[in-house]
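Got some structures for you, see below.
Across the two complexes that follow, chain A remains constant while its partner is chain B and subsequently chain C.
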Partner chain A sequence: MTPIDSTTVSDALRLESFETFARESIAQAPSWIRPLRTEQLERFVAQGLPHAKLEAWRQTNIDPLKQLALTPASTLPPAERSERLAVPEIESLDAVRLVFINGRFSEELSAIDRLPEGVTVMNLARAIEQGLPEVRKHLTQSSERDDVFAALNAAMVEDGAYIRVRRGVCSQRPIALYYLSDPGEQAVAAFPRNLIILEESSELTVVERYVGVAGSVYFNNAFTEIVQGRQANLEHYRLQEESDAAFHICGLDARLDRDAMLAAHTMLFGGQLVRNNIHPVLVGENCDCLINGLYVPTGRQHMDNHMRVEHVGTHGDSRQYYRGILADEATSVFSGRIVVAKGAQKTDAKQTNANLLLSERAHAHTQPQLEIYADDVKCTHGATVGRLEQQQLFYLLSRGIERITAEAVLIYAFAADTLERMRSDPMRELLKGELLKRLPGGDRVAGVL
Partner chain B sequence: MATPLLEIRNLHASVDDKPILKGLSLTVNRGEVHSIMGPNGSGKSTLASVLAGHEAFEVTEGSILFKGEDLLEMDADERAILGLFLAFQYPVEIPGVSNTQFLKAAINARRKAAGEPEIDALAFLKLVKDKARTVNLDESLLKRSVNEGFSGGEKKRAEIFQMALLEPELGILDETDSGLDIDALRIVSEGVNAMRSPERSFVVITHYQRLLSHIVPDHVHILMNGRIVRSGGKELALQLEQEGYAALEAEVAATA
Partner chain C sequence: MPSSQETIDSLAQREYKYGFVTDIESESLPPGINEDVVRAISAKKGEPDWMTQWRLKALNHWLTMPEPHWPFLPYGYGPIDYQALSYYSAPKRDKLKSLDEVDPKLLETYEKLGIPLNEQMALAGVAVDAVFDSVSVATTFKKKLEEAGVIFCPISEAIREHPELVQKYLGSVVPYSDNYFATLNSAVFSDGSFVYVPKGVRCPMELSTYFRINAQNTGQFERTLIVAEEGSYVSYLEGCTAPMRDENQLHAAVVELVAMKDAHIKYSTIQNWYPGDEEGKGGIYNFVTKRGACRGDRSHISWTQLETGSAITWKYPSVILQGDHSKGEFYSVAVTNGRQQADTGTKMIHIGRDTSSTIVSKGISAGQGHNTYRGLVKINPGAENARNYTQCDSMLIGDRCGAHTFPYIDIKNPTAKVEHEASTSKIGEDQMFYCKQRGITEEDAVSLIVNGFCKKVLAELPMEFAVEANKLLSISLEGSVG
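Take a look at the complex of A and B:
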């Protein structure tokens, strides 16, 4: 896609004044996508940016983001590589590799080879350029109606990954998407979008990994749209390791047809302000959905997890397990809503959120919500906020285990279930390592495990 | 005379500003087994916790020397490394931490302090197997998380098993007999007796003479209301069992 001539727009702009820029950008996009993007832009404009009075944003103040003078990534010359960041490749995964720099595809760093038969993978800009029928059909179709950042992402959509697995194909090779942010001196705003289509009875593992140059300020508004046909099975991992100064707002929307299975795993480590929206809709009957996550804010990081699990079909099974480990002055939000539509009988929905506070100054807000319009359903939810169990700590100390090790052992134990739910061994091992790397005393635990 | 292994002088300790121990003194020499008996709530477990270094208990007065060193200056882990072991009255369950990880960490902490390399996997397995056998502990339990889902008796046996692994110089057994049936009691006692040596001492807290017929103590102390009110030989335990605390209490009150 041709970059917009940077002389036509001001170098930096605030989020609230994105409209003009977006219109110019849309005018240069392929004609078929213009109405879609315009529609999303209208929605973005109509809704306006969130503020603290909105229920969904009560605990998350985005003022620091609003005040940022942003440089849209598309106004920068495309970068094929980053001087400061290496691709954090997960070697043991042996995955098809797509690399993006500031939200834009890098052909040079990517390796889209040894593609299994029936699996289509390309960068989204190319798919849009080609106007592929599946892309025309699905792109921006699943966006949640009241999610303004989903609308902004769709209005700004340019690049990302496009993945399609044909009917009956079980891809042995995972697909890994590496999003590298190397914004330099400017606060770059990127709007990567992934479209993942799994046709009937297909199977795939997708990994999204976000990293950024340490200390750099930028805004990543990422969105992943998933469409699963009957009995399609997706294992999805999102590993977010942005710069601690970054703003990361991401969304995952999935539509599941009958008998489909989705496991969405999320690990949040980076970002000064993080909003993680997850919204699966179990459309067909007998769907199975696992939402598994761990957020580990330290310093003054704020991580907001916003779940909305919608049961539409009957006999749907959903399980949400989210855990937070908060240190220093970190804050977090878990807002989990289960919506069971009128006809969604025999729904079995479960939701738990547990938070471990490692400091007196850390705060975790948790807010489970049920909205049930069917009568023959089983829905449970539970939330806890606690500290390290002193009796457990004393027990470990009394056996001669040093305090720093003992604490790390207990913190790790708190997260162990989350890791156990991951089916991919390489991912589980990687995430275990990433977690231990960040825990005080984690290196000692590694020797014990 | 050699330095006593443990020397407690005029110990006062409180929890939440509530005084529990009120001037307790006790000297344990190497090779000795001391038993502490006393009614519920008299402060037996508090004494054990204070010795092991639980932070919830505040020592307001007195001193504790262990191997001639000031125990109160040390954190719980340092005390353990120095050779103190507490078999808990209520062993703690730690979900998510496997027994194997836990035991390995405990053994390696000791080895590190002694300047030794970490235990190798094979030696560790063999050690665990041997020691589990001494207390008849079902090895499959060790695949679980620490104490998780163990029966009361299994927990107690696991404590003695840990003690056998860690080979402390002072073992404090807090009501290890409660929850054990006759056979288990015998096995656990044999495990403890096998560890008795001229260098190693035990403080055995119990309500019952039954345990003391297996682990025969050199000294018996009666703890009441935070103080040792009477000390004697093993016959004191028998007398207590026959007469009960009430008679003793009256006697103590009369002589006070």
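Take a look at the complex of A and C:
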């Protein structure tokens, strides 16, 4: 891990001593949100920071994060733009654009225009200020009870995106959220939170993209809360390209009503310590949920993915596909659990995790888990860990293809399934490019594939 | 299916077949655990000083350990008062030379269990080292084993007569400080079996021990140690039944297996302890540490188990694959019915090159039972070309039970090939229809399908156990049609 020296910063404080700061910050918040934030803060305090003895944190050591002297983003003067970072706009996406710098909304860089009718988009700070009824109803309501970082995020909630699509509206324009981290000399801690509400029979694509100034140390504790009404259809992308020295802990929590469809795609590239919690609850019957992800740690990066797919309604269909490509001394964790509640009959749940180890020193931990309380269900899970198939490599080599090219082709093929599950063409193309850019020899095959 | 509800009810009300308490005067120590109790146990066994010291070391360590509570048990269990347990209980007579001297009541107990010692031995050629509560009362076929050079005796006897072997291997696989229950066992273990198979010897018969818990409020702390020297083979069978009682009983046994170069140990278990009544009251807590070490090249250890009893089963028979080309196997059928809970599985730790392991686990949940598979496959950095195949299937019968799968896969060598597959299903309506249409009764059809589901595991059991296993399975699941 990168050595950290930020003890000289005066306002800096450690994660364990966030309580006092949070209480002061809550006291200045609009009155309606104070009880919610206080409740979450109490949970954060009661649970305390995770340690290796906890089952859910057995393989992930957050000591480097605990030792970090953090500067809460809200104590910094608001920045309208970043000198060192440009907005990594996804050109062909033609999306509504919200830009955040160190977790706070930048009006200047954002472009909330040409909104389809029935779609409300604003930054969450404004929505909280206005005390919108939907925000009061849903904000912090879905946070997982035993996730301490979800509680911390909710206790510190200030800004992020608020999106609401009204009944029957199918938004053709995606909404893109760009989170830029430019912390300067201090290790900034930001707690962005997104609230996405899709009412009955609505449809939307949301993209979250996180980037940071290369080499800088900061902590992003991001959380996305999704509420989907009947037949609502959401395509969600999270592309994480933080600085390699950053700490990134994110959560995605979704509640699906009857016939709703959710596709949650995640690509993890950056961060020295990454924790990705995904927790959809299929409340209504006949829901459909796709959890699709790819993590590509290199160097000494550590990426920890925790999935919990909960089936409550009957006839639910969920599929989890997570793939990891590990190089150098990278480590990864996949812990996926399918929970089928009593009475969630006719559930069809599937979970797979595959890991490709490119180096002798890369480690993958995988724990695909089932927790089932209903008897008429179909649940399967599978996990694999291995290196490049030597026979396949030999096949390509024997045909005169250079080793580096051959390897790049095979690695790309391993990841291709993940990309193909993405419905948005611009996103798929973008992610393909981002992946190839990071593969040794990727530039040689970029034109061919 | 109205009839299935009836059969489920009748099953739920079925009395535990082996529930009776034999009235024999036991010589018990007062409840509680402290240095004096440990010294007293050691003295009663006539143990040498090194053994007493080892026990005390374990006791002192145990006192510093917190009790673990991590297993996945939806119904939980009440706190165990370790000071209320009596740590030693022995049938009052000692120094038995032949079966005639055995308390007739004791022999009667075995009759009821269907183990007529003398007949069964002759018929099956099985040497039975019967453990009644904590002291071995009869060891037979000793002569035949002696001729082959095999040592098969109560561990207390081994401590006295083969101290060099016991001292060398006891605690070498499960150290005294291993875990809370193993440490407790190390301090207070009463008796158990010791097997030593010398170099190149193929043990001439299947070895078996019957454990039985008797005398109320007595925890059973068995200790088994099996050592197979280079090129030897031994198959060990263990089967259990326990009488009915109201208070939960703790059973914290330790089993250690040591397989040297080219040796093969096959360890089979049938566990049918009292599971508690309909509300889950009473019943045995089965918290056992079982571990085998493949110490040499090409050594081979296989665990086969059929678990139908106990209120709570919490154990992970493991294999440490140290030698190159060594092999570990785990075949398990676990049935939970009523309000039984099981958190069980295995650990395969690959250390040597070209090691391989196979895990086949079949969990059956019926009634309100909860069955959890938890297994670890660990490939260490030096374990080149390690291979693991894991299959864990669950079957749910009824809609109030649960089946859970928590595998841990930990790979530190990229040449490893690890596969994990799991599935959860119920008895298919089409399968039932097919059978019933051909005139097979509902119960027979369930039994047929369940047997098919478990076939891969049951086939691993030695012949002597396979018959009993089939019987036990169908009794356990009578009438529980989905």
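Basically, the second predicted complex is superposed on the first by the 439 of 449 C-alpha atoms of A that agree within 3 Å, B and C clash if a C-alpha of one lies under 4 Å from a C-alpha of the other, contacts with A are read in each partner's own complex, and residues count from 1 in each chain.
Methods note: a residue touches a chain if its C-beta (ideal position, glycine included) is under 8 Å from a C-beta of that chain, and two chains touch if they have at least 3 such contacts.
These figures come from a predicted structure and were not determined experimentally.
When the two complexes are overlaid on chain A, chain B and chain C sit side by side with no clash.
After overlaying the two complexes on the shared chain, residue contacts for A:N355 are found with chain C alone; chain B is out of touch.
Look at A:V409: by the touch rule set out above, it reaches chain B but stays clear of chain C. When the two complexes are overlaid on their common chain A, residue A:G382 makes contact with chain C while staying clear of chain B.
When the two structures are aligned on the shared chain, A:E371 is found in touch with chain C, with no touch to chain B.
In the superposition on chain A, contact of A:K342 is made with chain C only, not with chain B. Residue by residue along chain A, chain B and chain C are tallied for touches, and C comes out ahead. In the superposed model, the vertex angle chain B-chain A-chain C (Cα centres) comes to 70 degrees (nearest 10). Applying the stated contact rule after C-alpha superposition, one finds that A:H363 touches chain C and leaves chain B untouched. In the superposed pair of complexes, A:R136 makes contact with neither chain B nor chain C. Taking all C-alpha atoms of chain B against all those of chain C in the superposed arrangement, the shortest distance found is 12 Å. Residues common to the contacts of chain A with chain B and with chain C across the two structures: none.
Chain contact summary for the complex, chain A toward chain C: residues 55, 342-343, 345, 355, 357-387.
Within the complex, the chain B residues that touch chain A are 52-56, 75-77, 79-81, 85-86, 88, 91-92, 94-97, 101-102, 104-106, 108-110, 113, 118, 145-146, 162, 166. Chain A makes touch with chain B in their complex at residues 389-392, 394-403, 405-406, 409-410, 412-414, 416-417, 447-449.
The part of chain C that touches chain A in the complex is made up of residues 70, 72, 381, 394, 396-426, 482.
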